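Have a look at the structure that comes next, please.
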Amino acid sequence: MNANAARPRIGLFVTCLVDLLRPGVGFAAVKLLESAGCIVEVPGGQTCCGQPAYNSGDLSAARALAKQTIQAMESYDYVVLPSGSCAGTLRDYPRLLAVEPVWRQRAQELAERTFELTSFLVDVLGWDAVDAEFPATVTYHDSCAGLRQLGIKQQPRRLLAKVAGLDLRELRETEDCCGFGGTFCVKYPELSTRLADDKIADIEQTGARAVLGGDLGCLLHIAGRLHRRGSPVKAYHVAEVLAGMADQGIGEDKP
Amino acid sequence: MTDARQAILNAVRQALGRSASVEPAPRDYAAQPPPRPSWREHGPERFTRKLERVAGSCERLVELAAVPAAVLRYLEGLGDDRRLLVAPDPLLQGLEWPAALQRSTHPQDARRYPAAVITAALGIAETGTVVLPSGPHRPPSMQLLPDHLIVVLRTEDVVDYVEDVWQRIAAGTLPRTVTFMTGPSRTADIAQTLHVGAHGPRRLHVLLVG
Amino acid sequence: MKSTAHLFPEQARAALTDENLQAALRFAKGGFIDKRAAAVARYPDFETLRERGRRIKDHTLAHLDVYLERFAAAVEARGGHVHWAPDAAAARSILLDICRRAGARTVIKGKTMVGEEIGVNAALEEAGLEVVETDLGEYIIQLAKEPPSHIIAPAVHKTRAQICKLFAEHHGSPDTLREAPELVAEARRVLREKFLAADVGITGGNFLVAETGTVVLVTNEGNGDLCLTLPRVHVVLAGIEKLVPTLDDAATMVRLLVRSATGQDISTYTTFITGARRQDEADGPDEYHMVLLDNGRSRMLGDEFREMLRCIRCGSCLNHCPVYNAVGGHAYGWVYPGPMGSVLTPQIIGLDATKDLPNACTLNGRCQEICPVKIPLPDLLRRLRALQFERGLIRGPQCWALRLWGWLARRPALYHGLTALIARLSPRGAARRLPLDSGWTQSRDFPLPQRTTFQRAWSRQAKEERRHD
């Protein structure tokens, strides 16, 4: 039997935000998946999962991007994304394409093999052999889509518990939205900022040096606000910490 | 008025995609009872515990004849006012009331009297609730207007669940109102903190007999 | 009530800087959430109860015509008058007519959101009637001449200091900061007189039971019971979606309602009203009227918003909504605020006048998670956004940016080339300002690209690996 036969082939959907603004998250995801015994490929036909269009009511654009994503990703054993909300969008494709039976079926087959990164490692592979060090007090922000749509809560914590030196202190309100909300954050900046400030007050109360999360959207928003307030708290994607690749915080230009 | 009735019913039927009424499908969800709390203690004990948790009070009496003395004791605990509304209920009217009490059976007096004693048809152990159907024996104003409401409830009338009430008061015999009363009147409308005595009785005292 | 929903952005902004409002909202928020959570945790299987509630409502809605007919027939068989109101104006004129025929001068009201929906107070006052709200929260905001800001806690936006001031103005009581029990006692005294003098009592109805023609009314203060006991005339005002088939079904729905709304196991008063006063009864009203309101509900029954008709008005989605908790109910500009309002309001007063409501939501999904009848509120809001898009109601630079993005994202080669170029040319770190940005950088720095995109770096790396092989 070929040694590779047991190794799942992963199509990494890197997400548009990671691709453009935080490529290190993609490399961290690759490193983690490879450590867990996967073969990782990054198909070039991917761009954005269509979530901004889907959530803004532009269903024809959302459907076109869904089809593009299905075509790019459907040949893999699994599709893994370093984002709960984008994974949630792929899981919603069958509904989005409900009126086109052939596409709906393809979307369904893809959705069943689509996972957010930490949930894939823990729930599907049962892997938690993390080899990383991050000697700091940190806190964790549960992004809403991952938490409620995909049930991601314990998975990142189980992995973070294996990081040497890391001390995780929970937020008081772990289930409160940070106020990112995709286009919400630019349509209603004052509201969005108020929710970020509530989240930041909670983060600062824990005494953490860094806030981690599984969705770059929320993290850009939280980091952007932390930066504007001159806060010393840094923000990282959880994959960066788990892969031992967390040096520069999000939005920092120095390590 | 009938036009409006027809207009609404037609709009509803159109929305449901039909032109005439169709007999509803059976309520398949009703095959089993809903999930409900369970408990080990006896019904009257659970009733008492639940009532006390919502600021009601409860006193156990061995027999009905002990009611007048218990009522008098309750009034003595309040002060010197001895005016008492006694519901025009044969069960209460048949008791021997102490002469010290100035009694009335008139709903009109509910506006002025500080306390009333009425009977409950049933109690509900699930929630610590007294069940008060309206009728000649139980004018609702007596249970709403006085500051102090004393309710006589027999232990054999304590049922387990809300649904059990409708086994004892059949659909065809429903009176104008059936009030489930659980504790004294309360409100949280000022700064979201709980206070008793909003509009109805400030205190609810149940005499549990038997 | 005149809608100001089209002013949501301005109203929300003002709300964020209103210190009294913010103090009141902070005070209320944790309480509602914790009480509900404790009540749900105490219950043996709340999830199954929610599922049963959903099925009861779905079943009823699927046979609403029959259940409405049965309900109306049962009310009439027990001496009640049933009135059918296709819209708000019809409901107002029915109520006015009932009051006129009764020669009424004073009307007392229990809290009814349908009453707010049809603007009953203004209509009756215009006709020269005195209208007095008796739910303490409703009474407070009536004195303040404000609409409710929460569907079960209408005065949740008022601090105790503000209530003291209102009472001092209207009752002539001392203008000092007084404790809540004293305020409750004062309102009791003032309103008791109103109860005793009133000619007509108007209440809502939480559930309408088809098999018996029974109205279920859930309150804690006892004001509802006084409204339906003391005046000569009692009128119930309810939407046609309030039906349930049986009294047992009502028991399930009440269990869901009180736990979700206030975290109680049962409300202090749960009253089942079946028809008019019987001949042998010493008190109770001489006339009993039931007003059934459609006002857009039958339309929702036939379209993609039918699930919204399951709503039992518990207010839990408001309590768990980050946006509601930040700005309160008035910012939404009409009767129903928060997630349920953002779905319902556009259905009742139109998409054009409510453009912001479906968008002022982060789609965090908490409302759906706690809804006692499992209404998929975020999905319904998404559907409204799609309707807005279809009808060209979404305009402005953000819309064009989004379309451009969508166009580009459908051309992967162009997209990857362009993003790589942007990444290469962009400064590093975080920007305090961005070209063409209208929202992000007014309060947040924007984390910039890091010289390369992932795709570009990945394909470079792959090329190198091939060379080394």
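First chain written, first letter: the chains are A, B and C, and each begins at residue 1.
Note that in this section contacts are C-beta pairs under 8 Å (C-beta built on N, C-alpha and C of every residue); 3 or more make two chains touch, one makes a residue touch a chain.
None of these values were measured; they are calculated from a predicted model.
Student: How are the chains arranged in terms of who touches whom: line, ring, star, complete or other?
Tutor: Contact map by chain: line.
Student: Using the mean of all protein Cα atoms as the middle point, what chain has its own Cα mean nearest that point?
Tutor: C
Student: Select the chain at the greatest separation from chain A, using centres from the mean of Cα atoms.
Tutor: Of all the other chains, the one whose centre lies farthest from chain A is B.
Student: Averaging over Cα atoms per chain, report the distance between chain B and chain C in Å.
Tutor: Result: the chain centres lie 29 Å from each other.
Student: Nearest whole angstrom, what separates the Cα centre of chain A from the Cα centre of chain B?
Tutor: 54
Student: Find the geometric centre of each of chain A and chain C from their Cα atoms only, then give the gap between the two centres in Å, rounded to an integer.
Tutor: Spacing between the chain centres: roughly 33 Å.
Student: Which chain C residues sit where two or more other chains touch them?
Tutor: none
Student: If I count partner chains per residue in chain A, which residues reach a count of at least 2?
Tutor: If we look for residues of chain A contacting two or more partner chains, we find none.
Student: So in the complex, which bits of chain C are touching chain B?
Tutor: Per the stated touch rule, the residues are 24, 27-28, 31-32, 42-46, 48-49, 52, 55-56, 59, 62-69, 72, 82-86, 90, 134-137, 140, 153-156, 159-160, 163, 180-181, 183-185, 187-188, 191-192, 195-196, 211-212, 214, 220-223, 225-226, 228-230, 240, 245-249, 251-252, 254-255, 262, 264-278, 280-284, 292, 294, 298-303, 306.
Student: So in the complex, the part of chain C that touches chain A is made up of which residues?
Tutor: Within the complex, chain C touches chain A at residues 9, 12-13, 16, 322-323, 326-327, 359-366, 368-369, 382, 384-390, 394, 398-399, 402-403, 405-410, 412, 415-416, 419, 422-423, 428-430, 432, 437-440, 442-450, 452-455, 457-459.
Student: Note which residues of chain B are touching chain C in the complex, please.
Tutor: Against chain C, the touching part of chain B is residues 1, 4-5, 7-9, 11-18, 21-25, 27-30, 34-38, 50, 54, 88, 107, 111, 126-127, 129, 134-136, 139-141, 144-145, 161-163, 166, 171, 174-193, 195, 197-201.
Student: Touching chain C in the complex: which residues of chain A?
Tutor: 14, 16, 18-27, 42, 44-48, 50, 52-59, 61, 64-65, 68, 72, 144-145, 148-149, 175-177, 179-196, 198, 220-221, 223-225, 227-228, 250-253
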